[in-house]
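These notes open a run of structures that come right after.
Paired with chain B in one complex and with chain C in the other, chain A is shared by the two complexes that follow.
Moving on, here comes the complex of A and B:
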């Protein structure tokens, strides 16, 4: 039923990471269109501009200058027009408590950044597939929680 | 008196489709002449209502038979997972094969080709979704949920839940309850 690619938005201040994600998305089976922003301020500007096309899924780095991922998450969940966007948080390391905190604040997926490219590809493919099922199979988005 | 009329078939067709789809409260986009994209999955019953409504105008849905089978597989799995009392003990593969009158091998291949995912994954997805619902209502114990969804033990259920979501049932319940408390405090 899906026409056209799945829209992915990626917010990360690290250029290497952005390239890595882009390459991984290129190699997965489902067709995606990835848009990149460099930090939280840019992200919120991009999302709130008039006529912006909302992404199907947003990948959000926690540690960014100017405005970090946690603040962005709070703003998105408290914004009437944005609160339905599926948000995937990723970070290099985190305690179980930190991860739980992001879920309580409304994140849908938490990814601990894997060390190798193939692992990342596998995780992204799974996230995109499951997210798409939440879009099309009438699943309850409130219960969409996934941790890697 | 004779009236002579003329019809822009494009506009008329579009209008009929819109009216009938709206009547059934479906979310859709009309893509081009005669092509409609449904933006949600539609249960077989509602699909039949749409077929009936359109047939009054001589409009027929030309759907690929493959898609119909895939939808039936999904409906059957959902029916199994949401059984009131307890999921049936019989193997889902055998149940699907006898219900749809095709070999499981055929069904499984067709499903994977059309959805980029496997029947097994779809069953896990739906079972996990059901488990999440039951956990979120806070009315059953994990042992009761495990029994209802046909897991051999609560440990088995927890392992499966963790594999599917990355979270233990306990952590999932804690998060959902905390979210409720948090949003309750705001409102």
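Moving on, here comes the complex of A and C:
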């Protein structure tokens, strides 16, 4: 169903998180192409480049300097060319308010950054292999918060 | 309201007016009666005098005639002309007498008729007298003619006498009839007068007592008023308020003594008026006062309250609260009555309280934000450390000595403890703030959710939970769910080694009797939910301490935990206006009682 590698984009201001994220994908036995941006401003610049290849899945951290994830989510969902990108919220906290708000603003999945590398690999693999058709067609709050 | 109090006295004065009018009428009536009585007496005596005059005149008439007759007889016998004098003057005298009689009886028709016939008779008799005189003087004296003339004369005299007697009788009868009428009238008059006098006397006595009573009442009222005035005056000084009256009809403005003091003056040291008062009001607040006066005039029912600033004589700024209301007194005069209240102390206190409250609120919200951010931001590096450790222990485990592996295990455990601590702190701060949305929910559902959350531990520890059916209650759902999680989690954690945990959740209703000092709510009916376990229990002397933040009864390595869980429970129950208590028996078990107001 998918030709070529799955294009994955991560927006996270934490260097360690980016490193671990990249390492995890290297060890996952799936054909993926990971691109990293350092914050919300960079993310939006990258996405709005002329002729840029749009990612299949965007992992979005919420707490970022300059422009936070919530604002980026709004901008993406209100942008004609970007609104179809699958957005996965990738955050340290899983507070009820954050989950509720990102769901309302149109994120597809919410995952909490695990504190174990094995779990990180597991959950990223799970996200990538999700039947996105099912996840994007009807927003479902029951399986919005994905856990490993 | 104020004016109603005086109504009884007004009633009494109305009553007195009635008495006065009645007395006036009685006096006029008495005067009328007396006047008539006097008039009747005068009339009666006039009538008697009149009647007497007529009678004496009539007697006189007869006498004249008799005198003439006897004089003539003397002349005939003696021929002395001295005897003739009455005879000669008889006509003149009789005519004169008649004129008098005519005048006297001019109102009496019958008597006039009688008088006319008497006059005819007397004329006849005088004619006979003249005839007799002629006979006696003529030279041819005839004895027979003389006798005959004398006899005729005597007959006429008798007729005259009879006529006169008739007339006197008539006069007496007339007098008697009229006198009778007068007597009838006069005889009742003294009785009337006496009765009326007695009645007037009664009225006056009654009026006297009434007036006396009113005066006494007035005196008492006056005394009460002056006492009340004195009391108010003192109250005004102590309470730092003053009163004022504005008589709209006369535009008269009255301050109480304390009003002057509040403005920094001696009582009554200047002429009071609205204008004068406005001079003391802070220039920026004058419009407030003027608008309120306007409102008072329009809104007749509700008292109007305003706040404004006043600059005292010594230049000090004071805060005033003023209440005014329009009254209409018993005589329909309009008065605005008001109270000024110097609320400077209260106002300044309130401002500083508000300021402190704001500071508190700010520090509270800062604390909450700090708590939230700290917990959140602290977790990131921890998570990174954990993740790297997991990588190392996975990838590098073959290159590590057993000691290093052990160290890594200790590092892992410590980090896990920090994480739990941070999570619990976050939870505690959330219980502290957060919206308190009460909802009517089935507590059974919340319990099921809590059990689902703890399912792994329950299975691991082979625990059994028996629960009574719980009621529906008005609670903050996520907090009560947290309460169940923490309490059941607590029981599971402190289970006794070698004994499968059994947790019993029971529920009953009770009317609150003994006053628990911690109760926030004043409700009378409580639902008690008891969570009883067969764990290791605790010494009852620690029953209060276990709810204190960070307070622990065990070593960290024995039972991991932050010491926050039960503090959260206490906070949650307090948020619901309830109370939580614990009983423990070492090595036997613990019971936690949660009292929630219905």
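Following the convention adopted for this analysis, the second predicted complex is superposed on the first by the 129 of 148 C-alpha atoms of A that agree within 3 Å, B and C clash if a C-alpha of one lies under 4 Å from a C-alpha of the other, contacts with A are read in each partner's own complex, and residues count from 1 in each chain.
We adopt the following convention: a contact is a pair of C-beta atoms (placed from the backbone, for glycine too) under 8 Å apart; a residue touches a chain by one contact, two chains touch by 3 or more.
All figures in this text were calculated on a predicted structure; none of them were measured in a lab.
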Contacts of A:92 with chain B and chain C, given as first, second, both or neither: second
Partner chain in contact with A:115 - chain B first, chain C second, else both or neither: second
Which of chain B and chain C A:14 touches, first, second, both or neither: second
Partner chain(s) touched by A:46 [first = chain B, second = chain C, both, neither]: neither
Winner by number of chain A residues touched, once chain B and chain C are compared: B
Which of chain B and chain C A:63 touches, first, second, both or neither: second
Chain A positions touched by chain B in one structure and by chain C in the second: 96
Residue ranges of chain B in contact with chain A within the complex: 31, 37-41, 74, 116-117, 125, 129, 132-133, 136, 165-167, 171-172, 174-176, 178-179, 182
Residue ranges of chain C touching chain A (in the complex, touch as defined): 376, 379-380, 382-384, 386-388, 390-391, 394, 419, 478
In the complex, chain A residues that touch chain C: 14, 16-17, 20, 23, 63, 92-93, 96, 113-118, 120
Of chain A, residues touching chain B in the complex: 1, 3, 29-30, 96, 100, 103-106, 110, 129-130, 133, 136-140, 142-143, 145-148
